[in-house]
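Please see the structure below; I have some questions.
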Amino acid sequence: MLFLRQAWTVAQKDLRSEFRTKEALNASLSFALVILLLFSFAFDPTAEMTREISGGLLWLVFAFAGALLLNRSFARELENDCLDVLVVSPVPAAALFLGKALANYILLLGIEAVCLPVFGVFYNADWTRQPAWLAIVILLATWGITIIGTMFSALTVNLRLRELMLPMLVYPMLIPCLMAAMQLTTALMAGQAPSGDQLAWVRMLVGFDIIFTALSVALVETVLIG
Amino acid sequence: MLFLRQAWTVAQKDLRSEFRTKEALNASLSFALVILLLFSFAFDPTAEMTREISGGLLWLVFAFAGALLLNRSFARELENDCLDVLVVSPVPAAALFLGKALANYILLLGIEAVCLPVFGVFYNADWTRQPAWLAIVILLATWGITIIGTMFSALTVNLRLRELMLPMLVYPMLIPCLMAAMQLTTALMAGQAPSGDQLAWVRMLVGFDIIFTALSVALVETVLIG
Amino acid sequence: MTALSVENVWKYYGDFPALRGISFEARQGACVALLGRNGAGKTTLLRILAGLSRPTRGSVRVFGRDCLDAEVRRQTGLIGHGIGIYDELSAYENLRLFAALYGVKDPRRAAMEWLERTGLERVRDGLVREFSRGMRQRLAVARAFLHRPSLLLLDEPFTALDDRAIALLQGLLKESLAGGATVVMSTHQLREALELATHVALIVKGRLAHAGERTAEMLEDPGWLYRTYGEA
Amino acid sequence: MTALSVENVWKYYGDFPALRGISFEARQGACVALLGRNGAGKTTLLRILAGLSRPTRGSVRVFGRDCLDAEVRRQTGLIGHGIGIYDELSAYENLRLFAALYGVKDPRRAAMEWLERTGLERVRDGLVREFSRGMRQRLAVARAFLHRPSLLLLDEPFTALDDRAIALLQGLLKESLAGGATVVMSTHQLREALELATHVALIVKGRLAHAGERTAEMLEDPGWLYRTYGEA
Amino acid sequence: MREKILYALGALAALLLARNIWVMLTGLPDEAFQGAIFRIIFFHVPAAFTCFLCFFVALVASISYLKSGKMQWDSLAVSATEAGLAFGAANLVSGMIWARIIWGIWWTWDWRLTSMLVCWLLYAGYLVLRRAVEEPAQRARLSAVLSILSFAVVPFVFFSIKWFRTQHPQPVLYGEGKMDAAYRAMLYLNWVPLLMLAAVLIAIRIGQENRRRELDALRREAHSI
């Protein structure tokens, strides 16, 4: 109970300071739009093929925008040495980590909620055919992105090359999660409810989330206390 | 003369400290490779269509890796307040800027030189058909990316959200340049020498480079001295 | 009663031993001035005491417990190089947040009380971002004191403060000391530090060169300590 | 001869005037201690003098020229809050770089000479990244002095320095002053500053509250200045 | 006084707009191929031109700020950019509604549409940048530079239209497209109230900006104990 309350206090703080300035939100939202635009140049999206790759495109956008947002997660604590103060406070490292992950999750879901309709309009994709399944896939895969992103944000927070290292480490790590999400989303946008093979992908997403959440919570103290 | 010597001194310093650690180089190189990999998951690259979009893909990778590299350009001066010291030195802001741009140009070209063959292998694209023209296009478009990236690196150097701001601002600016490069590269990979419309693209690249080099050189002092 | 006991603490950065077998004790109510030249290891030691970093060898006990223990953390207050305050939150929100994190009974009241004590009640809803340096430092002091810690760890707390801010901090420290708290502070401003200190610990190249009570002659001639033990 | 003349300088951050009509002159060979409480405007003024920031109104003339002039910049040395040294280059490379940027005649020789003078010749090829804080500060001092500037601008140069580093810096400053250089330094460590200073300028909330020679009584009682002019 | 003029101008714009809509609905015949929806052009096109005009004003204001350092110019630059973005959005949205009805899709990656979107995003970036800089003078300086650079991109974006085949109708006012005289007159006539609206918007925003700056200064003053 105390643990959860502490995690929520941390999450609340992150959300409050983010909503106060909305800087990171605005920036990653417009970044997402810009990538949507860039992709449209690279792949002529009027073609039929767009539909085939829409899941891939969508998750690439989420992954790029997400990495930028998550990068800030622990980095925002560096200013004024707030991280030190949080670490010495009686809040356990795991609560700190989960609180931050929760705040990131909410922010990232918010960004995705805006991007999805925009994506639908711009790429002429119909994402409303399997709303329940799509929601499940998005919730699961986004948690995967969040947990890995937040963990690496903690890991690289003190490196000089934070901006460089983070995407480089995060993307390869995320490949299983993104793969599953891409496959599932493309199928869902074509209107097929998952079955057989597809369900295996869902199970993989669940497994990915559980394993990495457990690992991160177990390891984060080692990471934060040098 | 003095101006050029000063610019070269600055470029030399940047190159030397980069080659000493190779951090940014390694990171953006591996980032480029990771994106190549990610794209290959998102879009099934065995298909015939890959050839049609190869120019687009290639320049997306260059743009992403470039932004990562250029982000560091002025940011590396923040440590120890080196930027202040450079600005108060008798080196004019324009020389400082051009020196940094030059160093970035060389680094970025190096990264591209590695990525191009890798790309050729991964995506089964033949990039050797029009080597002279391809070189010209790459040189021109990379200078465009460099000059805009370096300018925005200077513009955002003191912002808290630098890592987020830079890509968000840079990519829309780069769109004409990337467009031209993508169009031309796709055609060149198909073995067509530029003519007619295509030459107009080349002219546009040249114009883009000239205008933004001039504007940046004119404005950089305003940006650096508050 | 010993509040703090450091036993044979070593800290390696890679192969470089920044601390080499530091041992000392501080009884409750003591104010230890941690002195030493640049790079001696003061910050490293304070970070270990605060539980921000683990010693490579040796152990640190605070109030008889491990210093990573949650109960010990609840009783520790820290002022490091940074102020440890969020720029995007208001002064009041900051204090309320830390009161909540430290499990203070009534976070709102505690926050208001400390805003008053540091003379910030007029600007309680101003974002910290807009505060001047002096005001930020006051807020940092409020943050470190608001859970009434019984161990205070201060790393160069007087740096870049003006006369008034120094007076405020010294006042609060005296009050805490009178209330039985233990204080360890590192500093290069010997005069300000020695006025408060009851004990002195001098670190030279990662070794404890001298530890003992602060004597009257130190106050008169702050350089004496370095001259006597400095080149050990 | 006046080396530095500041005339009615205003600096607005948005609509907030951080400097309000500052005017003063410093003759060649003077050492001006710039005093003031936190947020008074010392750093802002020094940045304007260094040409790092432009005044909103008013003008600054150094040796009779504009302070953004390349010739003036060549004669200015700056020590700010950061050390202004590259971590990935060696000590020697750093100094050679700055010697080249400042157009010093023989950059290699100048670099070697200053490595010797600051006692760093043994580590000339060590990367700065691996230096301790004191060594870095020495290198920063070498960097600021190696082009033999005739105007030195120092922002809290004694902060976080130990006794030896302070002595090194004071020695170099005395030598420069004897050689006819002009020094402007801001600081909260009144004692160290007033020892060197020939003149004093006190800033209160962006206004110049007092400017004049340093008198003997200031040395005896550093707080006097604040008490007398502080609340203006 | 200033307020009254603004109110009057706003009221006048509203009146003109109402009158124009009335005439559009009753006085003008449906277009031969597109039917009633064609009337959207009377908002679509003027909105685009008003948007560009606003961006141009922002450019002039930005250059003036860099020249003079007067914060008023900065206020004008933001206000004009925001108004421009509003009218740009109007153009985009009206175009999208139109496209949905005529082409059956909301959006296609046609270069004309895309170029408008690129412009819009460029200037949206301007607003995001402003939020990220705290210190007002620095904010004004950096965003002025960004505004200048952005405006330099716009011609590239628009001239490259020539090299694409677009699905979007060719320019009628200055290009190869043709248009009936009555329509054309209406187009111009409807531009007037939109311009007035833009002026009112900009004036209101300038007022807000100025007040906010004053407040800011007062707060800083109060905060520096």
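Letters are used for the chains, namely A, B, C, D and E, taken in the order the chains are written, and counting of residues starts over at 1 for each.
Rule of thumb we're sticking to: contacts are C-beta pairs under 8 Å (C-beta built on N, C-alpha and C of every residue); 3 or more make two chains touch, one makes a residue touch a chain.
Here the structure is a predicted model, which means the values were calculated and not measured.
**Q** Identify the chains in contact with chain A as well as chain E, in label order.
**A** B, C
**Q** Can you tell me which chain pair comes out on top for contact count?
**A** Counting C-beta pairs in contact for each chain pair, the top pair is A-B.
**Q** What whole-number Å value describes the gap between the mean CA coordinates of chain B and chain E?
**A** 31
**Q** Quick one: chain B and chain C, Cα centre-to-centre, how many Å?
**A** 47
**Q** State, to the nearest whole Å, the distance from the C-alpha centre of chain A to the C-alpha centre of chain C.
**A** 38
**Q** Provide the list of chain C residues touching at least two other chains, using ranges where the numbers run on.
**A** Residues 132, 134-135 of chain C each touch two or more of the other chains.
**Q** Which residues belonging to chain A are in contact with no fewer than two other chains?
**A** 21, 23, 27, 30, 34, 37, 44, 79
**Q** Taking each residue of chain E in turn, which ones touch at least two of the other chains?
**A** Within chain E, residues 118, 121, 125, 128, 132, 137, 220, 224 contact more than one other chain.
**Q** How do the chains pair up in terms of touching? List each pair.
**A** A-B, A-C, A-E, B-D, B-E, C-D, C-E, D-E
**Q** Where on chain C does chain D make contact in their complex?
**A** 36-39, 132-135, 137, 156, 159-165, 188-189, 191, 223, 226
**Q** Spell out the part of chain A that touches chain C in their complex, as residue ranges.
**A** Checking each residue of chain A against chain C gives 6, 9-10, 13, 16-18, 20-21, 79-82, 84-92, 225-226.
**Q** Quick check: in the complex, which residue numbers of chain E touch chain B?
**A** So the residues of chain E touching chain B come out as 66, 118, 121-122, 125, 128-129, 132-133, 137-138, 141-142, 144-146, 148-150, 152-153, 156-157, 159-160, 162-163.
**Q** Which stretch or stretches of chain C touch chain E in the complex?
**A** 119, 122-123, 126, 129-132, 134-135
**Q** Mind listing the chain B positions that touch chain E in their complex?
**A** So the residues of chain B touching chain E come out as 151, 155-156, 158-161, 165, 168-169, 172-173, 175-176, 179-180, 197, 200-201, 204, 207-208, 211-212, 215, 219, 222-223, 226.
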